[in-house]
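Right, one structure below, let's go through it.
Labels run A, B, C, D, E and F following the written order; every chain starts at residue 1.
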Amino acid sequence: MYGIEAINAANGWNLAALGILVVFLSLIILSIIISQLHRILAVWDKKEDLLPGGMTVDRSQIRGNEKAASSGREETVPHPHVCPGDINEIAAIWAPLAEKIDDPFLLADLYKLAVKNDFPHPHMTIQRLWQENILVPAGDRMFRFQYERKNV
Amino acid sequence: MYGIEAINAANGWNLAALGILVVFLSLIILSIIISQLHRILAVWDKKEDLLPGGMTVDRSQIRGNEKAASSGREETVPHPHVCPGDINEIAAIWAPLAEKIDDPFLLADLYKLAVKNDFPHPHMTIQRLWQENILVPAGDRMFRFQYERKNV
Amino acid sequence: MYGIEAINAANGWNLAALGILVVFLSLIILSIIISQLHRILAVWDKKEDLLPGGMTVDRSQIRGNEKAASSGREETVPHPHVCPGDINEIAAIWAPLAEKIDDPFLLADLYKLAVKNDFPHPHMTIQRLWQENILVPAGDRMFRFQYERKNV
Amino acid sequence: MDKFLHFISQTGFANIELSSLVMMVIALFLLYLGIAKKYEPLLLVPISFGMLLVNFPLSPLMALPENGQPGGLLHYLYLGIELGIYPPLIFMGIGALTDFSPLISNPKTLLLGAAAQVGIFCTFLGALALGFTTMEAGSIGIIGGADGPTAIYLSSQMAPHLLGAISVAAYSYMALVPIIQPPIMRLLTTKKERVIVMEELRETSRRERILFPVIVILITGLFLPTALPLLGMLMLGNLFRECGVTERLSKASQNELNNIIVIFLGLTVGAKCSAYYFLTVETIQIIVLGLVAFAIGTATGVLMGKVLCKATGGKVNPLIGAAGVSAVPMSARVCQTVGQEDNRSNFLLMFAMGPNVGGVIGSAIAAGIFLAVL
Amino acid sequence: MDKFLHFISQTGFANIELSSLVMMVIALFLLYLGIAKKYEPLLLVPISFGMLLVNFPLSPLMALPENGQPGGLLHYLYLGIELGIYPPLIFMGIGALTDFSPLISNPKTLLLGAAAQVGIFCTFLGALALGFTTMEAGSIGIIGGADGPTAIYLSSQMAPHLLGAISVAAYSYMALVPIIQPPIMRLLTTKKERVIVMEELRETSRRERILFPVIVILITGLFLPTALPLLGMLMLGNLFRECGVTERLSKASQNELNNIIVIFLGLTVGAKCSAYYFLTVETIQIIVLGLVAFAIGTATGVLMGKVLCKATGGKVNPLIGAAGVSAVPMSARVCQTVGQEDNRSNFLLMFAMGPNVGGVIGSAIAAGIFLAVL
Amino acid sequence: MDKFLHFISQTGFANIELSSLVMMVIALFLLYLGIAKKYEPLLLVPISFGMLLVNFPLSPLMALPENGQPGGLLHYLYLGIELGIYPPLIFMGIGALTDFSPLISNPKTLLLGAAAQVGIFCTFLGALALGFTTMEAGSIGIIGGADGPTAIYLSSQMAPHLLGAISVAAYSYMALVPIIQPPIMRLLTTKKERVIVMEELRETSRRERILFPVIVILITGLFLPTALPLLGMLMLGNLFRECGVTERLSKASQNELNNIIVIFLGLTVGAKCSAYYFLTVETIQIIVLGLVAFAIGTATGVLMGKVLCKATGGKVNPLIGAAGVSAVPMSARVCQTVGQEDNRSNFLLMFAMGPNVGGVIGSAIAAGIFLAVL
């Protein structure tokens, strides 16, 4: 069978129409949801700020508290007073420091933080971490601290 | 069975002779073809240059035409007037530029071409492309433009 | 069945005790062996030095002999007088040189050795080998010579 | 001497057939296109080399196991296609490579990705009219989706005997997009439409980009379970990319896993191009139908672009509708090029990426529909 | 119209069940924990996505092959777990990533790694008491080993129907180590013990580090052949790392092979979390027992630390016993943090790495024991 | 108590046999050679570790699946050898790593690569004389090819019970090339021949390097279809390398895919070295025959070098004939070293690379011949 006859026999028109319908339907639904997504996220963020304190917690306050708590208890990141020789040990010590700043970061910021925390030899160490590919470039002069977690 | 008897029984002499023959035969044939290859290629190139214009096209002429055409219509590679922030966008914009020069190339040549085409911030951008491993060293101070095509 | 009854039925107490026993037993044995390991290695090294010359060979002497032999026969590493263009050829020529020094090494040491062996363009070549990732950083300003052996 | 004659009788020269020779020449031609013309070389080089290898006379590469002897290398590697394993894994890599931001910040371009799939269903009708079965017709239609892995996945499941011809057609036309699309785009648009400069896209937030793959898979998965293998892995790859805590997995999806599977996929797609299945009238029909599919998809994409242009009061340049066929990122580049013919300062690339990646989702949905109803 | 109704009847919406919905919500919650809370994201993201994919109504991803149709993608990838292939290969990668020097230079910390395994066997008893079979109880107990691949390996071999719940529990608690362990550690130690500063570790020689994996495998392999798949591959990976002549293989074990298998392992562990097996009382019991296992392991580790402290005349800080549960390197970091609460200049991290990696060996031995006697 | 005795009876200590112990000692010795002596460590370390793992008493690693229990890890990984999958994939990686320019610019060195294969066939006769079957004799002869993957491929297809011994012999002698070859080379050449300085090689063009793999596979494939799996993949890898548009695939062939497969191949080759097959007179015969094969191959290569030297009026240094046995790039380095003993300024390395890579093609052809006629 060929031609229109074959199409009819295979119920082709219906199938094609159904297919086009479903593709459009699902992509239109997706398109609508995606287009509202950033508004929903904005409302969500706002709602948290507007609700009375008892029902939901103010985020900035949490952060403030956290900051206060941390500034009270661990204003500096712990580290040994002598610089270990093995790069993996160094990376393990520097990891918590790197976690304190947003990812990716400028090396200058990491340096300042290291100085503030009295880490030994910050300049030399940052250079080594770079050479060892633990500090990896993330574009735009920003860097990431990429220390292989051992556990998987 | 052991010794000569075993070899005879297994038709060993013939097999070994056949094997040596076939190895030599195929490698000799290969050797002859390979040794003529560059001559064939040379003749091929020359033939194209020698034949009358109607039968085959002169390559250098094509290139000349192409150059003329391109110099007429798109002497500069299109690009946005502001430099985008995302390195992938940048790479997408620079890719056609890099395609214009032979692979691998000197960074200086890419720079000149970028300037000629009025690309914004050529120096800074080349540095970023290098940092991001989109411009990859190809030895001999040459570089390759290696922008991950998304489609496979 | 549940509770103590189920544990009894499954012979659980015995199994758990057996398990704890075996874990401790094997790790204690391991712990003992590992703790003696460096002593055994030390004794081993010492033994070789102490035994009469006829029974075992003095290592430093071997090394001395080797050094003597090599200084007699191949005080310089062979290399072509002109520098080849292909980086793989260069790497193949430099590989024996790099093998002469302990891994990892300072670039300065490699440089000195290259000069001593009259290798052409040592400075430029080291830079190229670095760019080509044949000299790879091994931390602590040390480098490794990592030339892909072709055979596997 | 006996041994020698036996050996001679086992050489390829002694067993050569015309059909094998023709297939080998076709393979070499495709190899030439891949290398010299750079037609989708990452796929076309292994495909054509695979085609070459299996079409040698007495080639053992696709041999079935028998008498306790193992089968050929490509026979085993082909299992990854036959069992539907490679294409979803490739899609995971594509997901990890794809930035959906242009789509998220301009979600109406999803409609352009939908419109371009009309070519698939029209071609399905055309294939039915030429006498193909529904299964075959669906597999042929999906060429118009311009997504290699989708076409391979669908045809491996519904019409494996056509896999070779369909894949070759799909990748060839994807490489020919810069030649096929521009005339259609120019024909269907006015200069006034082509010079439209679109508004800058807004920035998308990280949370949006993380939620996007989850929402896509929730909606499409609930709608169309048969689309889950392809879309699920596409979205998983994209989630690896965007979620910020699985960079290792994102890299692995894009690189090591992807590269290995591209080699295996290419080789074994080529290995399905034996003379018996390939040197047929059907192959020629498939090649013609594939071209039709691309052309219709381009046209319906552009037409929907014109609709959106009207509906938005001229804010959408209809050219970007052509990118809805996917062929990422080739057809988006074509939009860019055609747009700049009339307005040198028009930079459509980023806007065209929206329908471009939308088209990938659209084709996977189309494949899911065929799997559900045929 | 008929076709249309048929299609509608095949959508997920038309086939939705409450249990699927619940599972999908759980999967999304775990995905949230992995991404937003960074709970072991490298595993939890693929696990939860796999869980999501297979719990869509009519999802084809775990379909068995039938009528000549191939099975689902995750059905095939799951073979790597079912046949016990992925976990040993992951262990090879862990071996290549792990520096055993802290253990070699302070081998008595192996005892801490042994003590922390007591939690495994206590939980085994608890699970028996709750009515689980011995096979199931062993698989549940091993959660206390705090090693994902070990738990997956043992349960895939002894109780595959519990694989999903056990893996989810294991990885969740590993992520929760910083919350579970500190109170127990503080409860069982005095301030005087917690402020102990340990003597510096001696340097290990390269020969020691090369001999270590060989000796470990010789001793444990002769003692417990069933531990060979896990321990053998762990030690092979470590040998690749230390022997100095196989850097390519070491890198491959850590990176390309590891990443690919982590993706496959995560996805298919998630794929075992179907509503039928997961939405049960057993799952809740497993989650409770898992917590018990971690708590007891931490406690016995610390108590053994106190014993060593006494035995060495106060040279061992008992806190590092808690690291014996493994969960590398999380629980070693916890020791560091808790130690510094009382003595800011105390740096326990390197000392805690000894019991930490010792715990990996200990759990693998425990798994070997279960495989041998159950 | 009962359980305890049962457990004791299941330890390796209780089941130890002398043959296992001997095999474990051999494995440890090979491991020592690989690490301390750097004998082909990339292969010898995994081979010897695999040998160690399977020879533990009661080792489950090569267990067959039974009673619904899955088989051992190495049993499954071994499928890649049994089905002939790993060696061609390794060859693809070698192709991507190999620069054939020295051969292209000096194609007559292919004859040296051919001559060195004479050792294969002489050893084949020797093995027949010692009572081996033709299949076994062919597999033993191929050791003389000095290409590990070729030897593994051929013996896995023709004499899998000898696979272990043949592979160990092949890789060991490849590592011993600097000891085996020089005396033979010095014996067969005069000082006058050894000091010959060869003419500089011409540059090859990119087109030549692209056409080379295509021509090789066309000629050899049509001649010898059984050589297609090895040579086809070798040439595919080389095409990936040279064609300039598939760098990703070339890198993947050389690195990720290659490394993973080397690990699996090494481990499972070692796993075939069980005491039952390895502690036999045959193994000793194979080791002796392997040495003979290397020696004859070196000799015939050098002799053919002398013929070429005569034929070209002294333009070819016969030493480079020794490189025809392959063992890339070891034997080429040996030529370099021996050449410089007599003429310090003679730089033969690049010239020796021609026969060196030619020998790889030659051995693959020899393997194809055995597969065709035996």
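In the analysis below, contacts are C-beta pairs under 8 Å (C-beta built on N, C-alpha and C of every residue); 3 or more make two chains touch, one makes a residue touch a chain.
Computed from a predicted model, the values in this text were never measured in an experiment.
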Inquiry  = Measuring between Cα centroids, what's the chain most distant from subunit C?
reply    = D
Remark   = So the chain most remote from subunit F by C-alpha centre is A
Request  = Take the average of all CA coordinates in subunit A, do the same for subunit B, and state the distance between these two points in whole angstrom.
outcome  = 39
Query = Distance-wise, how many Å sit between the C-alpha centres of subunit B and subunit E, to the nearest whole number?
reply = 48
Query = CA centre of subunit C versus CA centre of subunit E: separation in Å?
reply = 32
Inquiry  = If a residue has to touch 2 or more other chains to count, which residues of subunit D qualify?
reply    = 3, 7, 42, 223-224, 244, 256, 262, 369, 373
Key: Junction residues of subunit C, two or more chains touched   = 15, 18, 22
Query = Which residues of subunit F touch subunit B in their complex?
reply = 103-104, 107-108, 110-111, 113-115, 117-118, 120-122, 124-125, 128-131, 133-134, 137, 204-205, 207-208, 211-212, 215-216, 219-220, 223-224, 244, 247, 358, 361-362, 365-366, 369-370, 373-374
Ask   = Of all residues in subunit A, which touch subunit E in the complex?
value = 11, 14-15, 18, 22, 78-81, 84, 86, 88-89, 92-93, 148-152
Ask   = Once bound in the complex, which stretches of subunit B touch subunit F?
value = 1-4, 6-7, 10, 12-13, 15-20, 22-35, 37-38, 41, 103, 146
Complex contacts: residues of subunit D adjacent to subunit F = 3, 6-7, 10-13, 16, 24, 28, 31, 34-35, 38, 41-42, 45-46, 49, 52-53, 56-61, 69-73, 76-77, 255-256, 259-260, 262-263, 267
Key: Complex interface listing, subunit F residues touching subunit D   = 82-85, 88-89, 92, 157, 210, 214, 217-218, 221-226, 228-229, 232-233, 236, 239-240, 243-246, 248-249, 251-253, 256-257, 369, 372-373
